[in-house]
Every structure is written in C-alpha cells, then in structure tokens.
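Right, one structure below, let's go through it.
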Amino acid sequence: MTVLDTPAWRPRTDAAPLMPDPEPFRLLGTPEAARLDPALLGELYGQLVRGRRYNRQATALTRQGRLAVYPSSTGQEACEVAAALALGAQDWLFPSYRDTLAVVARGVDPVEALTLLRGDWHTGYDPRATRVAPLSTPLSTQLPHAVGLAHAARVSGDDVVALAMVGDGGTSEGDFHEALNFAAVWHAPVVFLVQNNGFAISVPLAKQTAAPSLAHKAVGYGMPGRLVDGNDVAAVHQVLTEAVARARAGGGPTLVEAITYRVEAHTNADDATRYRTDDEVAAWQAHDPIALLERELAGRGLLDDALRQRAADEAEALAADLRTRMQEEPRLDPAELFAHVYAEPTQQLREQEAMLRAELEAEQQS
Amino acid sequence: MTVLDTPAWRPRTDAAPLMPDPEPFRLLGTPEAARLDPALLGELYGQLVRGRRYNRQATALTRQGRLAVYPSSTGQEACEVAAALALGAQDWLFPSYRDTLAVVARGVDPVEALTLLRGDWHTGYDPRATRVAPLSTPLSTQLPHAVGLAHAARVSGDDVVALAMVGDGGTSEGDFHEALNFAAVWHAPVVFLVQNNGFAISVPLAKQTAAPSLAHKAVGYGMPGRLVDGNDVAAVHQVLTEAVARARAGGGPTLVEAITYRVEAHTNADDATRYRTDDEVAAWQAHDPIALLERELAGRGLLDDALRQRAADEAEALAADLRTRMQEEPRLDPAELFAHVYAEPTQQLREQEAMLRAELEAEQQS
Amino acid sequence: MSAATPGVAARPAPAPAPPKPTTMAQALNQALRDAMAADRSVHVMGEDVGTLGGVFRITDGLAAEFGEDRCTDTPLAEAGILGTAVGMAMYGLRPVVEMQFDAFAYPAFEQLVSHVARMRNRTRGALPLPLTIRIPFGGGIGGVEHHSDSSEAYYLHTPGLHVVTPATVEDAYGLLRAAIASDDPVVFMEPKRLYWSKADWSAQEPAQVPPIGRAVVRRTGRSATLVTYGPSVPVCLEAAEAAKEEGWDLGVVDLRSLVPFDEETVAAAVRATGRAVVVHESSGFGGAGAEIAARITERCFHHLSAPVLRVAGFDIPYPPPMLERHHLPGVDRILDAVGRLQWEEA
Amino acid sequence: MSAATPGVAARPAPAPAPPKPTTMAQALNQALRDAMAADRSVHVMGEDVGTLGGVFRITDGLAAEFGEDRCTDTPLAEAGILGTAVGMAMYGLRPVVEMQFDAFAYPAFEQLVSHVARMRNRTRGALPLPLTIRIPFGGGIGGVEHHSDSSEAYYLHTPGLHVVTPATVEDAYGLLRAAIASDDPVVFMEPKRLYWSKADWSAQEPAQVPPIGRAVVRRTGRSATLVTYGPSVPVCLEAAEAAKEEGWDLGVVDLRSLVPFDEETVAAAVRATGRAVVVHESSGFGGAGAEIAARITERCFHHLSAPVLRVAGFDIPYPPPMLERHHLPGVDRILDAVGRLQWEEA
C-alpha cells in the first residue's frame, strides 16, 4: 500500500472532459449551420440589428449630454444577445457594466436599463421582477452573487439558472476565482460567460493572462471550459443554451469564453488610438457578427427584404423610442437620497433630510 | 479568413505541457531512487528527524504555556525540509503560518522563528538578513509578496528565486489566483508549493475544491503544474529543485502540489476528533515521511547506527537548546510598541508613549 | 415553495426554561438555533461552521440539526463567502455569515462596502439584503497577530450597514435575533473575550427582540458618564465601582448599537453629569470614540464642564500577546481620564 | 547593482523653468517623472498606467520614457497590484501604485491593513515598506456609482499608514515627491475634481519637498476657522470670501496630511477664533471630521465659544451624478454652519 491509497487521496475528477477544445467553436459558415432552425436565426438576426442600433443610439446620447457615459458593446452584440436568449423566464442574468444590451435583449425597458449611465439613479429596473441583477461596476463582484443566487435556488428546490457575464480583464480579479470555486464545490446551476474582447480598457490580453485560453481556467475548478467564436451568434447561443441546460439538469457550472472584439473605444470618454491600430479594428470589423450571420442567411436564401426590413424597422422603433424618452428630464427628488439607505431612516438621516429640504425651500424662495 | 485569424486571437500557450501528471510523482521505493545521492538522502534524513523533534518540542512548549499556540507540521516534515533545502542562499522563502519548520530548516534561529507563536513580538528574525519573509497568518496574502519580490529581483538583474508556501485551503483565496496570474504574466522566478494536507482546520479537501487536483490549476495561468507525493522527501526535493532551477533559468513560475497529511490537530487548541477518524490518521502514519525514507535507506544499506545516532543527537541538541532558551523570559519593553509604527513616531504616538511610561512608573512605585 | 417565503417553524417553540448559568457563546448558539428553527430561510455559512461548529463553537450542533445546506462549511475565501451570501439574500434567504476572526473579514471589504451596504439603496428598495455578518472582534485572549483587531470604525463609517455589539449574555441573544430578523444588513461584532462570560439566563420564545439602535444605561451616575460598548462595558462597570473610592459616582452607557446611534440616550446621560469619557478598545485615532465625542459635544456643549475625553487603544497595530495588556484600556486608564475632567473648574 | 540601492539620476536635473499655467494632473505627472529620473528604484504600476498613461493621464509618457518595467500595466486585480508592490518594496524598490478609482481600492484592503500598514512594525523596523498608493478620490465629476467615493476615514484609522492629500498644484507636486521619498507607506489621495485646476507653477529640482504632516493656514481669520483638506479646500476659500458679506472673517486651514495630524497648527488657528467648522466631502458619521472635531475640543475646550461643527457629505451611499450636488458640502452649507456657531453668546 502506498501513500496514495490512503483515505485522503482519491483520484478526483478526470481532467480530460473539462478541457476546452483549443479551437473556438463555430457554426456559421460550417456544414452544421445547415441544421440551424431558420426561425431562431431570424430572431437572432433581428436582435443583432436591434442591438447594434441600440449601441449607436446610446453613444449618440452621450454626445448630446443625455448619458453620463456609455460603454458600448458594438462588435460584441452576438454575446450580448445570445446571453439573454439562452435563459428562461425564471432564470437570472448577472450583467457587467458593459452589458446594458443583454439587459435590454432580456426584455428590460431600454430607458430603465440606462438609468445608471444617465445618472438619475444607480439601477432603474427592479431586479426581482426582471430577474436581472444590477449592472455591476466593480468588476467581477457580480460573479459570487450569481453563484449564491443559483445555490439558493437549488437548495430551495427551484428551477433557476444564473448566467453571469464578465470581461477578459475581470478574470484576473480574486472574485472570479472565488466565484468559480464556490460554484464548482456547490455544484451550483450557474454559467459564466467571459467576453474576451481583447482589451481591458487599454490593456491587451497578453498582459492579462499567459493561459492557453481563459476557458482553460475551468479545469482548475473542476468544471468544463468551452471556447467559442464570440462573433458567431449561433455558436454562442448554442454553447450557452447547452450550458444552461446542463446546469438546469443538475450538471453544475460551466465556464464559457467567447472570443470577440470591442470595436468602439472603452467608453465615449476613452481614446482607443492610444493603444491599438486602426488596422486591428478594421480586421475585426471584417468579421462583424451581423455580417457573419447575414452571409449565412444569404447562403441559405433566408436573407430576404422582409427580414431585413423588419429588423431595420424594429431597430429604428427602439432607437426612436429611446431618443424621445431620453429627451425628457428624469423625475428627480433629492429627498429620495435618504429613502433607501435602510428600511427605516435613522434619526441622523431624518435630520439630514430635513436640512436638505429646508435648503431646497430656501433655494426656491430666493 | 475567419474571425480567428485576426490579430487579437492567436493560439497561445499549448496546454499539454502544463498539465500535471495525475499520478503524484514518487521516488522512494521506485527504481529511480537508486540514482539518488546517498549524501543528499543522509542530509534529508537528518533534517526530517530534526524536524519531527522540533515539532514535538514546540508542541510540548504550548502545554507548558511557553508558546501561545503552535500549528504543528508533524507528518508534513518532508515538504517543510525540502522547501528549505531547494533554495540557494540568495533566494527567498515565503512561509505560511504553519511553516516554522521550513524557516528553521533554512537556518533561522529556532527561538527567533517562534517569536510570533510565543507572543513577545510578531516576527523574531530579520527577513532581509535571512531572506525569509515573516510567517504569514492571513492565508495566501504572502503569495503576491513572493511574486513581487521575485519580479523586483528579476528586473534588477539579480539572481533570486522566491519559493512561497500555502495550504490546500489557502488555494481558495483570491490572493492565490492573483498571485499566480501575476507570476505567469510577469514570468517571475517564483515557485508555489501547495501543501495539500487534506484539511483546512476541519474542512476536508472535497469541500474546498472540485478540481482534478490543485496542481491542475496551473494550466489556467499558463504555468506548469506538478503533483508530488508530499511524504516522499526525495520526490518533493527533486520537484522543487527542478522548479527553482527552471525559475532561475528564466523559465518562469511553477505550481507544485504536494499531497501530505496533517497528523496532529490544526493547532494545540483544536480538537481534530470532531471531524476525522483515528483510522484515517493511522493510515497516514503508516506512510510517514521518515518511515518511507528509512525504508529506502535500509533497502540500500545506508541506514546504519551512525546515521541514526547522528540524526537523533542533532535532533536532541536542537530540542534541548529550544527548551533551555524558551524557559528564559523574553526581554520585553512595552515602549517598543511605539518604536516601529513609522520611521519617526508621530506627535500622537510620542504622547501615548509618555503616558504609558508614566503608568509603568506609577505601577512600579506602588 | 420559494425560499423568499419565510418558512414555517420546523418545530414547536420550546417551553420557557428557567434561567441557568449561560455563557455568551451559548446564548449566541441558542439565538442561531432558534432563528433557524423559526425561519427556514435562515442559513448559516462560513469557515468551519459546520462539522466543527466554529472555532469558538458558536455554531455548534447546527449542521447536525438543520443539515449541511442550512449550516455550510464554505471554501476558505471570505470575499466569496460574503459575495455568495449576497446572492443568496438576493434570492430571499437570510444568510448569517461567520467571519472567523476580525482581521479575516478584510478580504470581504469590497463586497461589504460596495454591495452589502448599497444594494437596497442602489435598487430603490427593490433588493434589500437581510444579511447578518458575525465578526468576533477585539483582544484580550492572547491571540497572535491578526486575531485581535477591532474593525468597527470601518463599518460604522459605511452608510447602509447597521453595526451592533452585545456586552451581556442577554443582549447577545436578543441582538443576534434582532439582527437576523432585520431586513437590513447587520454587522454583528462579537466581543470574543466575553464569549465565556456567564449570566443566569435562558431564552424566551417568542424571542424578546430588542430593537436595534437603543443604547442602555447600565449604571446611572452623577459625577461623569462613561460611554462605551462591547468588550469595554465590563471594564467600565469595574471602573465605576473602583471610582467610588475616589468619591466619583460614574454612570455607564452601553451603546449596543453604533449604527443606528442612540443620541437621545447618550445625550441625556451626559447632560445629567456634564462630563463624559468615551471608552473603546480599537485605536483611538479616527475610531468610534471620535464620532461619539464629537456628537456629544455638538449636542451637549453648554452642559459640558470639561471636554469629552477618550480612552482607547493606542494608535499602533494590535500588540503581540505578551504586550496587549498595555494597549487595552483598563480601569486605571479610565480613572486617570476621569481625573482629567477638570474637576477644579466644576 | 541591487535594486535596494537608489539608482543614480539617469539624466541631469532640468534647469529651473519659469512658472507657467499647470494643472494638478500635470504637476502629479511631473512629480512621478522627476522621482523616477532621480531614483531608479521608483516603479509605477497599476491598471492602464503604461500605454494609456492612466485614465486621468497622471502617468502619461512614463512608460515611453522609462520603459515598461518601470511603468507597468498590471493585470486587473487590485489586491494583486498592492500585494506584488509589497513584495517589490520588500526587495528594496519604491513602488508607486495607482488605484484607478477610490472604490476600486477596496479589493486591496486586506493587503493594505494587514501588510502595508504593519510590515515595519511586525519586523521591528527591519522591513520598512517605502510604498506610495495613489488613490483618486471624491466626487463632483459626474461619475457613476463607485467612481466618487471618499475613503480616507478607513485609511486614517489604520496605524502604520500616512494619509495625505493635496489641494493645490504646488502641493500636488511637493507632497507626491515627499510621499515617494518617504520610507513609510503613504496613501496619497488625489482630489480628482481638482485634477484640472490650474496655477502658475513649475517644478524645481532638487525638489522642494515639504515634510509630510504639516498643515498650512491658507487664510487667517478672526471670526471662525474652517478646517478642511483636499477637494474641500477651494470650497472653503470660496465660503470665506462669501462670508465677508455677512461680516465674518473666516480662517481656512488646509490639513494636507491627515496622518500625521498637525495638531499645533490646527489648535493655534482655532484658539485664535474660538470657533471652528470642519468641512469634508465624505460621509460625516465616523469620518475624518469626527476625529478632527474631537481632537480640537480636547485641546481647545476652554477657548471654544461654540461646539466644533461639521459639514460633511450625508450618511448615504454616494449619490448618482444628477443628485450629487445636493450631497457635496457647498458654500451655503458651510455658511449655514458658521451661522450656527452661537454668535449671540459670544
């Protein structure tokens, strides 16, 4: 008998099935794409076009001073849309600060989704009602939330999966590690979607990790890792749908890395020319998620004028609605600052509120 | 041209060479052991025996109230000793709170190594002079320090490797993740030694991780992972020596998981019967690191009375010295509390020191 | 059943038991047990809280009684513990998190400050977090470095958190029940050197739950008022006893709750004497005592015969075991401060 | 050459330049550049500090001038950044860490409190950590959640750290040079809304390095004293100007350093007027103002005609951009507080 037969050392999980295929999974343009449901492709197409338009409109709103800031997901719409569509109504989405589009694609009111970035409050929608967590500004901190929620649902016997989104940069945070580890140990029904868009603000992936891929991190937690072409909306949708189904069936968490590209600057406040070339951007634009899908649709004779038109109309309607409603000044009540700190305001908060009210009255009178 | 030919996606490191062999590396009792240098085996043997005695003496000192607490490394001496011996004089050791023995094996005065646990100060030795960082109580926090120091040495052109020790429980902390990632990205000359002793206080490994092994985490950072029988001192020594050499040669960091067992309770204050069986302990004691080495030495005709006697004598000498010197009351100056907070005490600290001095004088006079 | 619905009591309420000698540790354990029995959404989690029952045995027996899903040994990662607890609370559970020692709560600081304290406010009240974070704090038990911190000042400066700390066996039970019942996050600071303090007591069910935010006058006095909390309460009571020899009649206010802060009780007690000393164990500079002293002064200035003084730990990292007695505010240091309350000018 | 030896200046000191309009951001950039040129052991590190030059451009051009090993874009992990910087400082380098925004320093809290603040003390002086941690702080720039925190109260309550904050272009340069030159860890809080404030100034080499720990009287006054720091200094100066209309002659003390705290300068200024208002942006409860007010009261009690009052941010999470102006202490709120200094009783 050797040391390794002792009770404390047992061969644990087999690593091989957890390892990602180093070649990102793709569907569009491959023979398998032929099996894809035209209705699904049509829906994905509509959502992509709508998403692109939403990004464009939101960016325009920053120029008009209607938004404080907007981190655009232009170029990443395939991931945003697929994440939203992979979930059932009872499931929860945990977006990062860049994922307003996923929130909108999940059905949250587009104006409410922008509350944070407009600056009238921190979160504009009701997370419980929409089953969408607040957009998370501190990177990766939303990941343990997703794990805890999924775990809570599981121990409550409820059929709920959580899908959490994070960027390539966010994978370097300790919270990423702790969340994945808890998820694996607890076998929580959660899917982690890393959008590897090549940059964390100005920092390229090579300064962020030396790993073969971010998906390879999965094996270190004992969960499967999958690598997918993040601009191939059909592929992302399929990989996420499988991961959600696996979680739902009690199969535990999955880590998905989607390789994509942030076509615009980090936010409207950023100058991306300081850290990357126009050529690089152009190369990625040649592999635009909408273009890839259009090519597929066209190849299968599905890209008719009706589809195009419907997509364009829906996108314009969304943008027009957004434009109109964002022109309205938001209803602001400074006294609300004190309303939600606690269930009941403390005596000190009541005094501070009274002081502010007196000031506001004095202001109005002068 | 597909998306994946674009500048941002290049095949990164190949994962295969990073993957640990799922069977822990062993030497003792294998044919390869025949090639091991008898002098090295003799030295390792002496250190193991000395280390076991040191653990026993320190535990005895807790019962006499001479130490506030002692987290024993009994059963883990092979890792402790091998870690110390794998390093050159110019290298740095970053021990966790359980690794007093590694500190002593590296040559630090055994009484100074116990300052923290005796309670007369926090660290008793000079880290710069000994190139041993303070025993780290907050788990895993020493790992980024090791990476930073190794990186600093490298960018300064100095030949210095850092070896950092951590427990299986410590691998769950965010600091573990961040340290390994920085090390890999910076290609820092650092070796991480995880002593997987099966428990974090009462929590067994299965509640800590679902990974195939802790060594498998390496691939997610892009560094090689190695799994070794942590009770096989020759194997641990060889694996660490190779990793140190690799780091020194500019090959970057390595993660080593040594599988071992904490034979005693977590500390003298812990009651291990609450969470594990005597059988489990007994099974591991049958695979004791000293016994394993003795079997090897005996098989090669190297375990003569002289070796045994020398080892026992050295161990007794160490224990006797420790006993004697630990009976002395440590020199304590309460005013020292104010001496090292800053290079220069602030005015407030000077006033507080004056107050304390006045109190002490009043105490003496009464 | 959705976990958001508080569960029905899993067992009948225990018959009121006669008071018997009980330690604070036992009362805390009882509070957890009763809360878990009364409400299925209460979940206990942390390092070693399950099989071991916690390094201080506060969670002893809970895993056996309620199962590992209700009392869970987590992986060793404090940010992960608190972060997952946030998610559980988002789903409607009432997690009770144990941080093993005060200094080991620091890795969870971002989750605490950026999420726990803000989620209700962030979501306009839609997502309250009924979370209790138990943190054993303070020194006096001969702990090595990082085992004796007093971190309450960090928490009380963080809007959105309640911060409470018991000083008696009875309050330990009542305040912990109240904390768990609260729909707001509560940082529950347990004075670890009082874990083994005893009183004749037994739990009443339905629990006598004192509202969070009420200070209590432990002793009325006419000469000066000691304002304190947690581990320093017994020290102040001892000082008040010793002060009689000097001819001082000292009152003692036990804050119990740092946030919300009970200004009325404190101000009334201080106005009655015109002199106050604030006592706590953590470092004085920027400590809780600063807020208390400043606030008393703002409210009671014209009633004060002397400045409000503070007796606190020195402005140094917590000392090693053999030197900690010099750091901790003791009876003599408190009496010295009382002596400096400018009696000649009274 | 070991990195422990400060390097020889890599280039000759620049000839003194004539003062020219300079922003605080430029002065900070110049301070880093000059410190790196003067001492090879100075290393700048953080998120986006290299190629981009930092989101506020404070590190602009440093990577190009000194190389990526001296000005390093790190992975995105604040605990890792500070933790590796600790190791670099252990080896003898002088790391200057940038935290991108105040709230994103929280993940590094454990490294800061448990190691940065304690390493010198832990090792009886053998292992000082000459580390500078730059943290842009405060609001007023329309930042969304987590971009406007004021976290100085957490740091000033942590023994072993120096905490400084400049309010002028000149001090930004001088204090940053002093922080980098210090053998102790310095938390260097940069008032981000003053980044674009301008003055006629140019760096002198050898640097005029003011000692850390000295407050400065920005304006003498006879009626009352405003005690403040960082982003609130210009607001207080404006208030003092406006107060003239009300017939008040207000002094303004700029603390510059919260730790060490310059009691002499503050006490002298307050004694001269007998009235004081402490002003800062962070939440009042348990904020820096509590310590300052308590301390002034302890030292100046019999010189005070009124309690020391505080004007601070409300005890709420930092508001969204559209509401932040209601939170920030402005001229009116300061003058209101001055008006409450019980003038009738003077």
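Letters A, B, C and D mark the chains as written, and numbering starts fresh at 1 in each.
One rule holds for everything that comes next: a residue touches a chain if its C-beta (ideal position, glycine included) is under 8 Å from a C-beta of that chain, and two chains touch if they have at least 3 such contacts.
Here is each chain with its UniProt name: A, B = Pyruvate dehydrogenase E1 component alpha subunit; C, D = 3-methyl-2-oxobutanoate dehydrogenase (2-methylpropanoyl-transferring).
Computed from a predicted structure; not experimentally measured.
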| item | value |
| --- | --- |
| Which of B-D and B-C has more C-beta pairs touching across its chains | B-D |
| Longest centre-to-centre distance from chain D, chain (CA-based) | B |
| Whole-Å gap between the CA centroids of chain A and chain B | 41 |
| Averaged-CA centre spacing for the pair chain D and chain A, given as whole angstrom | 36 |
| Contacts with 2+ other chains: residues of chain D | 74-75, 77, 79-80, 103, 106-107, 110, 114, 118, 121-122, 145-146, 159-160, 259, 261, 285, 314-317 |
| Touching two or more other chains - residues of chain A | 121-122, 138, 172-175, 177-178, 181, 185, 207-209, 336, 341, 346, 348 |
| Touch list for chain A against partner chain B, complex | 1-4, 6-9, 11-15, 18-19, 22-24, 26, 29, 172-178, 181, 184-185, 187, 198, 204-205, 207-213, 216-223, 229, 231-232, 259, 261, 279-280, 283-284, 286-287, 292 |
| Parts of chain B lying in touch with chain D, wherever the complex brings them together | 121-123, 126-129, 133-134, 138, 141, 143-153, 155-158, 160, 162, 174-175, 177-179, 181-182, 185, 336, 339-343, 346-348 |
| Complex contacts: residues of chain D adjacent to chain C | 79, 103, 106-107, 109-110, 113-114, 117-118, 121-122, 145-146, 153-154, 156-157, 159-160, 259, 261, 282-283, 285-291, 293-295, 297-298, 301, 304, 306-310, 314-317 |
| Chain C residues within the chain B interface of the complex | 47-48, 50-53, 55, 73-80, 103-104, 106-107, 142-147, 285, 314-317, 319-323, 326-327, 332-333, 336 |
| Interfacial residue positions of chain C with respect to chain A in the complex | 1-3, 43, 69, 74-75, 77, 79-80, 82-93, 95, 107, 110-111, 114-115, 118-128, 159-160, 162, 182-184, 213, 259-261, 263-264 |
